[in-house]
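Labels run A, B, C and D following the written order; every chain starts at residue 1.
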Amino acid sequence: MTEAVTRRTAMLGAAATSGALLFAGGNARAQAKPTELRVGITTFLSGPASVFGVPAKQAAELLFEEINKAGGIGGIPVRAFFVDEAPGTDHLVGEYRRLVQNEGCQIILASISSGSCLACTPLSDEMKKTTLLWDCGTQRIFEEGPHPYAFRTQGYGTPEVLAPLLYLLKHKPDFRTLAVINQDYAWGRDSWELWKAGMDAMKPGVRVVAEMFPRFGATDYSTEVTRLLAARPDVILSTSWGGDLTTLIRQSTERRLFERSLFVMPIAEASLPTLGRTMPAGHIIGARGDHWNNHPSPKDPARLKRLVDSYRAKYNEYPIYPVHHMAQAISAMQAAYAKAIAAKGAGGWPNDLELSNAFRGLTFDTPTSTITLREDGQGLEDQIVGLSSFNDKFPFSVPKDMILFPAAMVSTPVGQKSTDWLKTLKPDFVSQVPAPMAG
Amino acid sequence: MKRETLLAIVGALALILCAWAIPWLKFVLTVALAKGIAVLGILLLLRAGQVSFGHAMFLAVGAYTVAFVAPSVPEVLLLLPLAALLATALGLVIGLFLVRYRDIFFGMLNLALSMVIYSLLEKMYAITHGTDGIRIAALTFAGVSLEREVQEWVMFGIALTLAIGFGLLVRAYLGSPMGRALAGIKTRETRLEFMGVSARLVLLFAYVLSALMGGVGGALVSMTTRHVTPQLAYWTSSGELVFIAILGGAGSALGPFLGATAFELVRVYAAAAVADAWQMILGGVLLLVILFAPGGVWGILSSKLKGRGA
Amino acid sequence: MMEWFSDNGLLLGLALLDGLSYAALVFMVAVGLNLVFGVLRIVNVAHGSLFAIGAYTAASIGIFFASLGLPAWAGYIALVLSALLVGAVLGPLIERLLLRRIYGHEDVLQLLVTFALFMILEDVQKLIWGVQPIMQDAPMKFLGTVDIPFGEDVIPFTAYQLFVLPGVAVATLAALAWFLRRTLTGRVIVAVTTDKEAATAMGIDAAKIMLLTFSFGAGLAALGGALASPTTSLVPGVGASTIVLSFAVVATAGLGQIEGAALTSLMIGLGRSIAVYFAPEFEVVVPYIIMVAVLLVRPQGLFGVLETRRV
Amino acid sequence: MSTPLLSAKGLRLAFGGVKAADGIDLDVMAGEFLAIIGPNGAGKTTFINMSTGYLRPQAGRIEFDGQPILGLQPRAIVRRGIGRSFQLPQLFTEHTVLENAALAVASRLGLWSPLAPLLRPAWREEAMDLLERFGLQGVAGSRADALNEGARKLADIAMAVALQPRLLLMDEPTSGVAAAEKMQIVETLVRVLRQSGVTAVFVEHDMDVVARFADRVAVWSQGRIAALGPPAQVLADPVVQRDVIGISAHA
């Protein structure tokens, strides 16, 4: 009986929304302007990766509120439908279908994890639904095949690893030994492969004294720290993040590992507010982009300040990079809709194909810079890397001696595979690295 | 058992109607049917009083078989038997060792082995792409490549057919001498030995059959979601399968399908209603079922029907 | 072989030190689970959640103490307070409201009740403590580090890791052994573990013993979490990974056996840290390989007693 | 009755210091009913356990129908034709009595069929027939755990008989049964066994039962056979009366 009731309510719910579906979806019929713009957003709301997912969700809520206050997009309000990535891919691909077929979402902002992105992107091809990959970093997406409806509105693994590597080569060119300690999952493995390819090409002969991939979500690194203390590498690379990284940094700091080796942590930024004053100074830190709180010369300082201030006011914490990545995806969405609506003329509303066409080659503003979506869908986002330091303005570590790496310089050219491209780099590539930013 | 048959027919028709009326539910229901097939295996072992807390490993084996072989042989009709075969083989190897153990040891050894498989899938990055998982490209059915919409219907149809087939098989099995002997393991295992019957062999047969159905379920899940990750083998996935078995009710071969459908629907609707507390809702539903309806959905339905009939 | 040892002997020594502290943490969680299983015959899946809640509570109290301006050693009071709180409040609450309703039901139902509880508590933690990593390492920092000679080099270890963790674990083991063998309540618990029917027939109030044991086990889980909290960042999901390991320990140890839990934890701790040095790929599967190997040789677990066939 | 069906020679088995079997020699003749009496702890059940493969003697040999059976799995011994029943009935408590019987029939005729129902007409008929012979037809549909002790004992033996053993070893078939039912149960039992031509060895404490139904009596004492012979002769032996019957009457 309950079974039947569940099913009945399911059908009722579906019938209620399938009305919207009929009008909103379907490329064949002429596109009527919907009453609201439904945006599906997949993000981690539980599990370890929710340290990224929840701030991003908060950012989306904050920005959608602002957008709606200002009249929405194309005159209609935007509404977010959040989906948790944590239950696994089989659930997520079902949820993606629900967002498109049942909730009538016109655009999807997909995924933090590479696995989720790799599963959702082919769905965007099949369902012809524009999908913005708002945070995942895997280089495999656009290098293993075209995806006409998918766009990544931020950088990705290759520039995010290459920029810190170049910074290291410039900052400490004489290092001889290196150890890596990354989380044991795709990003940890891929980022090491990218780094190794680049390092071996530009500085052959570096000895790798330890390659460690502790379990994702490990709570104790004392054994790994001991091994690193004993091995005394000149440089330790870790692309870990979240609780894993804070644990690693705390246990390493306490045991003076930071005094023996120079750390390179390409995505340390998200952990810095949590670490506060306990983060050691003088180590190389990255932010998966250029959106540092202390960016010396942002393109639109007022906008950056407004984002930081309003986020802090609402959630009582500093924004971290997933907040910026979400904001970038939303900015891209606004810009593309504006472009597509303008192309249709007054009163028109873009269909799926027209919407996706609006994204190709789109350039949109971020508070710190502009991002252009290449012809393959990949966004070109500048990278800023610096050395951890403290000042009076922030209760946590921020970079100094920052170097801005233009996106085009550190991104793999269209049509090439990252590892192949990285292998072609020459030692003198380092000489192209710009001087540190003023300020 | 006329009620069971009637309910099965009504249920199957309701599923078809649902899948037709709400396109995205077709996907959810296909996954539910696939998991239901795997849960049939849990049901078998429950009859022997044994709880496998690692059964998701067979799902994972079935799913990864499809993922590994699909690039060279993208044929559903070949992949399904192959996945079933490999899962059966693994079930036989593991089973030979596991049937010596009972109760917590049985449960925990299953858990341990599934975690070993989980770790391997995660660690052997070069082969499995780790947690990223493997994407399964479009498949053919009897040599024909199908459009997405048709393919979804085909998968739904295969899942439903196999669900009915395995449901009937399990029903027959449970009533057979081997099935009844299996239930005897729960209450008086020693008696089987006194009758000249090897209890371990009785359990092994059920275990291997359950592995087979796990493999089929996993293959169907992977062909539907078209993406596999090690998460499939994680212990919480195994917990889910046991959860489904109890939610549906262990009293009938229909239970796993009732349970899987209810589970998937509760999960998607809970996720839609409160995206960040769906786990709590599922946990709450599970608690309520155990405390107030230990017979599960099947128990509720059959008592309702009985009441009406009388 | 000898050559290998002379090359790696020093490293092996370091692995031993790391293994000990890891074993201590594993033991603290597993021993409570094992005790509860011995008496209640329930595999408490939510034990990991109690571990996590203990850790979060300890960190919260520690942060609160620090905000009051209390000295660093007050952090240790926070650890104990957290264990007491969970043991005295959450333990009885769960036992009375939930577990008591399902004693005597089928094993699978008992298991699933705690699985349901685990799912609920996972979200509850998130609602209370949020998702950003929480850290409160004052107790670890308070004791500083100890330099261990390593050839011509020295390796700093935290005193907390080197002394406090193994110390508390050994103390817990000793206290538990004393409690179970020398006190009346302890002996009653052992009696119920060994043969519940006989114990009840002798007039033992089984309901009271179960309440007591579960609360005690919950307290131990929380203490384990509290002890771990200064060394690690607390994030959602920390309970789920802790509990699988404890399952392996309980089955390997033999049901209800605290010495078995200690020995198994030691094997797992050392096995894991040796793996990190010499075969990092196997680190994750070490506990399970140990478990399977032990159960192959001793099907009832290391210290388990073969249940007699009732013929 | 010339060749023994079961022949035990020099069986020895000690648990710690306790000698449960201290040189047991016993021949069981085809067709006879042999009663085993003796105080608790004398090693009566141990003898049954050794003969059915559950315990392995430290010394000695056991032959069944001229073939050595020591070292065989209990299952294999059952299949050779030695059945056994228990002091505590071993029934599938959640199955019906009919299913219990049918499972026993199935384990003789072919348990390994996963598709055809257990209660197929032929087996159901045989099981019902068996239950009728034991007077259990009235409770065929009840769950086994709902029976009283006497019926459970009979069902337990019925399951052993369903295997069509040539030798049946019964451990205290009347213990725990209300005194009023006792004789009736034994009568039923003996009638069925005689009809089926089963040789029987049974451990018994009730001397009236022994005197009335046994062809021979073996007296167990401290792991040895203290006396062996027809009931009239053995039970009248003053030593037996003092050492065994006296004690077992109190036990």
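For the reader, a short list of remarks on this structure follows.
One rule holds in what follows: contacts are C-beta pairs under 8 Å (C-beta built on N, C-alpha and C of every residue); 3 or more make two chains touch, one makes a residue touch a chain.
Source: prediction; values computed, not measured.
Any chain bridging chain A and chain B, meaning touching each of them, is among C; the list is complete. Comparing chain C-alpha centroids with the centroid of the full set of protein C-alpha atoms picks out B as the closest.
Greatest centre-to-centre distance from chain B is found for D, with centres as Cα means. Chain pair with the larger contact count among A-C and B-D is A-C, by C-beta pairs in contact. Averaged C-alpha coordinates give centres for chain A and chain C that are 37 Å from one another.
A straight line joining the Cα centres of chain B and chain D is 44 Å long. Averaging C-alpha coordinates per chain places the centre of chain B 32 Å away from that of chain C.
We define each chain's centre as the mean of its Cα atoms; on that basis chain A and chain D are separated by 76 Å.
Multi-chain contact residues of chain C (touching two or more other chains): 122-123, 126, 284, 311. For chain D, the set of residues touching two or more other chains reads 86, 90.
Shared interface positions of chain B, defined as residues touching 2 or more other chains, are 122-123, 190, 276, 279. Residues of chain D touching chain B in their complex: 74-76, 78-79, 84, 86, 90-95, 99, 102-104, 106-108, 110-119, 159-160, 163.
Within the complex formed with chain A, the residues of chain B that make contact are 11, 14, 18, 21-25, 27-28, 31, 122-123, 125, 129-133, 135, 148, 221, 224-229, 231-232, 237, 258, 261-262, 264-269, 271-272, 275-276, 278-279, 297, 300-301, 304. Note for the complex: chain A touches chain B at residues 1-4, 6-7, 10-11, 13-15, 18, 45-46, 54, 57, 81-84, 87-91, 93-95, 97-98, 100-103, 113-115, 118-119, 122, 126-127, 138, 140, 184-186, 189, 213, 216. Per the touch definition, chain C reaches chain B in the complex via residues 37, 43, 45, 98, 101-102, 105-109, 111-113, 115-120, 122-124, 126-127, 240, 244, 247-248, 250-251, 255, 281, 284-285, 287-289, 291-292, 295-296, 299-301, 309, 311.
Those residues of chain C that touch chain A in the complex are listed here as 10-11, 14-15, 17-19, 21-22, 25, 122-123, 126, 130-135, 137, 140-141, 145, 150, 153, 155-158, 161, 228, 231-238, 241-242, 272-273, 276-277, 280, 283-284.
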